[in-house]
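Both of the next two complexes hold subunit A, though its partner changes from subunit B to subunit C.
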Partner chain A sequence: MSRVLMRGNEAIAEAAIRSGLKCYFCYPITPQGEMVEYMARELPKRGGVFLQAESEVAAINMVYGAAAAGVRTMTSSSSPGISLKQEGISYIAMARLPCVIVNMMRGGPGLGNIAPAQGDYFQATKGGGHGDYRLIVLAPSTVPEAAELVRLAFDLSDKYRVPAMLLADGMIGQMMEPVELPEPVDPDRIPPRPWAVTGARGRPKNVVSSFDLEPEGLREMNLVLQETYREIERNEVRWEEVETGDAELLLVAYGTVGRIAKTVVRLAREEGLPVGLFRPITLWPFPYEPLRMLAEKVGTVLTVELSAGQMWEDVRLAVEGRAETPFYGELGGVVPSPKRILEEVRKYVG
Partner chain B sequence: MSVEVAVPKGYTRVFSKPRALSDAGFTYCPGCHHGIITRLVAEAIDELGILERTVGIAPVGCAVFLDRFFNCDFVQAAHGRACAVATGIKRARPDLVVFTYQGDGDLAAIGTAETVHAANRGENITVIFVNNGIYGMTGGEMAPTTLPGQRTTTTPAGREPRLHGYPLKISEMLAQLDGPAYITRQAVFDHPHIVKAKRAILKAFRNQLDGKGFSLVEILSTCPTNWRMSPAEAGRWVAEEVTEVFPLGDLKDVG
Partner chain C sequence: MEKGIVFAGFGGQGILLAGKVLARAGMNRGLEVTWLPSYGPEMRGGTANCTVVIADFPIGSPVVDCPDALVAMNAPSLDKFEERVAEGGIIVANSSLVKRPVKRGDVRAIPIPANDIAAELGNPRVINMVALGALVRALGVVSLEEIQRAMEEELHGKGRDKLIELNREALRRGFSEAEKYLS
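Take a look at the complex of A and B:
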């Protein structure tokens, strides 16, 4: 492990290269420009392919091609660009191709702005494009965690043949922190891809497709996806708890807000308020069960988000009336201070 | 199912199915030129001996089942995105021979950007562009290449350029770029043209093997079903009407 001071966008890029990234396709957009620039500078030197595409649509379809050809591949963008990629992501999901997509979320809808926001939660966790599919969605709250989750995103995506998304925001992309970068991956440990299109020599032809005109056939393809999703839900739920043991109020927050909420817990505890934090790391699969168990023990589950309450819906599905479920959200790229969140907390405890 | 017909004594086999083609029957309508074009591509793959290193990109449209017809690896692309998908494959594995097979709606309408930029980058891929001036499988709607006055299900009174635009000459557009190696327009309505088209397809694949870059063969095709013509009438329509708007010949060739 090497410890260096890095910007979030660059740490993600470096971690991806160390994870065996072979092909990276992109279209420039703020606030993830440093990732694109880092890849342009570093990836070709280290045996990979960097290509700036003519559009987000083209970039994700290049990812589709490279993934079909059996290499570790990735694209990154920010909210409006991720909207454009949805068609391709849907095809990739049904074709069961592994890849990593990074979304450095910004304020929306529309052109919005380039400030941190979490308005793409629905898009990331509920499908986004057409059809019944899911992405593995990982939400880092710090730069070191972002680097760590990039490696996990590649590994899980390969393991399940499901595209993985790293969902962060401009705050994590832009800030600098000390990072422990992962060791370069051993190429032999990257799972083999016997389904990839590598030329039909000495084997029957491989076809990568998201298509079956026959309803029974397409249902079968869908059922394979759904079985895979159930397996991921059983095995890959990740979350962090802070001071939940005796908490009477549980904050639920992810990403940048999850980080701020840790400070809120500390400030609340200094005042003697029994406050804890539940921070989902996998937004899909969402940690319903652990949150439900905690909800049995606390009176209030307060969701804080940079959205109008998108994750809040999953929180309420988890809690199912076992506790009060108030909500505090900010919109438009406004990031609440710890003090502002503490004001919300005081409404329900103390 | 493969049926091997025994060659009677004293006879010599002079014609057989290309090795690149599977035993699956074509799904094209009777009389449509797709069958000829698909076969020419298969013959070219056979003659160059590249079947085991070729990857095809199937489009959306009449050739959506293309992966069934061939014995090589295949990827099914979204409508219009074949050149981007081909780029991803070729960049990941430059040793593969990558070709797309696209219709006019796919390549020259919804996929215009992907086509133009792949050509402009000089991506070392081979593009087979089947231009029949209509959306065949979807139901005979106007395509970017529909002729002025031509009736389609979305131009029931005929294509009116002031309302619907003019036939898009994308091959002429691509030929203006510095990136492409070879841009040509061919047809397969009679035997001499089939021979020429075959030569062009071979060249477009050879260019890729020689690392020359983006090569596109546009082939004027027919759609007897949606044109409401017999196959013979459709062939004459290409020869007499379509070639007036889309003249045959090489548009760019770096040699």
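Take a look at the complex of A and C:
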């Protein structure tokens, strides 16, 4: 299959359309504007609905409605816009509806800036909205991987009826790489939605709801969610390892930093430094167990993030004292170069 | 093989397009490429730059510490990036606007009067292709024909087909201009 040169934002949009996306709702924000543009141009031509809402709050509630009606639906935004969507995401999670949310993270907190950052890890993996819920969180580190994970996000979201988030950053959104786009999905392969509200003529009515005034009833709804989350934790953990076999220092990094860290590993190995990389692909469920096993073998687990240490908390939960767990982070949209990260590495090995 | 190239200049000088054409030529050749723009709130007249990486193995970082080549379309760009260029690297400087020589003695400096050549060709907008042609000659990763074909693909069908011939010529002029400094 031929490769096309595409921006991350465009590749995600195209992959979503090929994954059977029917309804896309958005409110524009940098650095994911090209996704909105692409959807506006392409989705209506290909049998879908593109709607630019009056606000992020409206957009996520339109996703709630479209998901309840049984179609593949998606919204995208960047950090401040994703904050605005949190209430709706919590409702969708409790209503057990599948959908895909794309967050092209930028510098924060507040209005911040439009440079790449990873400061929304807590928001994505630990809740963000109110209540006991989880999102399936997938973190691509390249443009082709972003296209691939969009398809997976739709599939997993359908399979478990849990909203999925693609968590990337402005760099992945803005940069171009050759992409092999996925084949358009066969509509018959999209799982049926017997629970959808599609008009009840001739069958008992379906109800999609995120509430129950009776505590016992609400507890039952919560227990169903928790059971689903345990199943996802058992089945869907994904990660990549690079040169971990004989590593004495293990880098842990995801997304944009994950790919920069691959260059760091190469440079370190050229100097004879035994450095490897552990790159979580699912941020939730976090790959605690495989990281724990590697931590047994290495002396140091160095976490590198574009945040003040959000994923670092999960790394330490995984390692549980089996290795040293130093941290290096950049803030405000600053992206460290391979050499800068290598300087950190040299503090602990060689 | 892995080459990192920085294109820098004023917004409106076609910096991002020049980088895209190079990335496309690399991809067409079956190589791995990344194209990373600076995407600040910059408008025509502000500064713009992009980084292209071309390699024959999967690319890790699209961020480059020490580029193997720099295309500096104006003086501030040369000031900003000259020190970072790798030893033995290439600096293509638009000598129509950059009035000082390259200071570094350990790089190959290729002054190209891109604005003057573009004016001779009758369209000041092709300065980017003149500079790209010179870079391609010095870099040696893709051929003149390959970069011309990538440019055609990039311009084709976007209402710019009538500009293809002019851009082919601009690439060729830049390419042969660089000969002078490489023999």
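In the analysis below, the second predicted complex is superposed on the first by the 348 of 350 C-alpha atoms of A that agree within 3 Å, B and C clash if a C-alpha of one lies under 4 Å from a C-alpha of the other, contacts with A are read in each partner's own complex, and residues count from 1 in each chain.
Simple rule for what comes next: a residue touches a chain if its C-beta (ideal position, glycine included) is under 8 Å from a C-beta of that chain, and two chains touch if they have at least 3 such contacts.
Quick caveat, the model's predicted, so the values are computed rather than measured.
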*Judging by the criteria at the top, classify the pair subunit B and subunit C on subunit A as clash or fit.*
fit
_Contact-wise, after the overlay, does A:49 reach subunit B, subunit C, both or neither (first, second, both, neither)?_
first
*With both structures placed on chain A, which of the two partners, subunit B or subunit C, ends up touching more residues of subunit A?*
B
*asked:* Which partner chains sit in contact with A:338 here, subunit B, subunit C, both or neither? Use first/second/both/neither.
replied: second
*Does subunit B (first) or subunit C (second) touch A:25, or do both, or does neither?*
first
*With the C-alpha centre of subunit A at the apex, what angle separates the C-alpha centres of subunit B and subunit C, reported to the nearest 10°?*
120
*For A:211, decide between first (touching subunit B), second (touching subunit C), both and neither.*
first
*Name the contact category of A:41: first (subunit B only), second (subunit C only), both, or neither.*
neither
_Quick one: is A:61 in contact with subunit B, with subunit C, with both, or with neither? Answer first, second, both or neither._
first
*Is A:199 in contact with subunit B, with subunit C, with both, or with neither (first, second, both, neither)?*
first
_subunit B versus subunit C - smallest C-alpha distance in the overlay, whole Å_ = 29
*Using the superposition on A, tell me which residues of subunit A are in contact with subunit B and, in the other complex, with subunit C.*
none
_Of subunit B, residues touching subunit A in the complex_ = 51-55, 58, 64, 67, 70-78, 81, 84-93, 95-96, 113-114, 116-117
*How about subunit A: which of its residues touch subunit C in the complex?*
3, 5, 30-31, 114-115, 170-171, 174-178, 259-266, 335, 337-340
*Interface residues, subunit A side, partner subunit B - complex*: 22-23, 25, 49, 51, 53-55, 57-59, 61-71, 73, 87-88, 91, 95, 197-201, 205-211
_Per the contact definition, I'd like the list of subunit C residues that touch subunit A in the complex._
20, 23-24, 27, 32-37, 39-41, 58-65
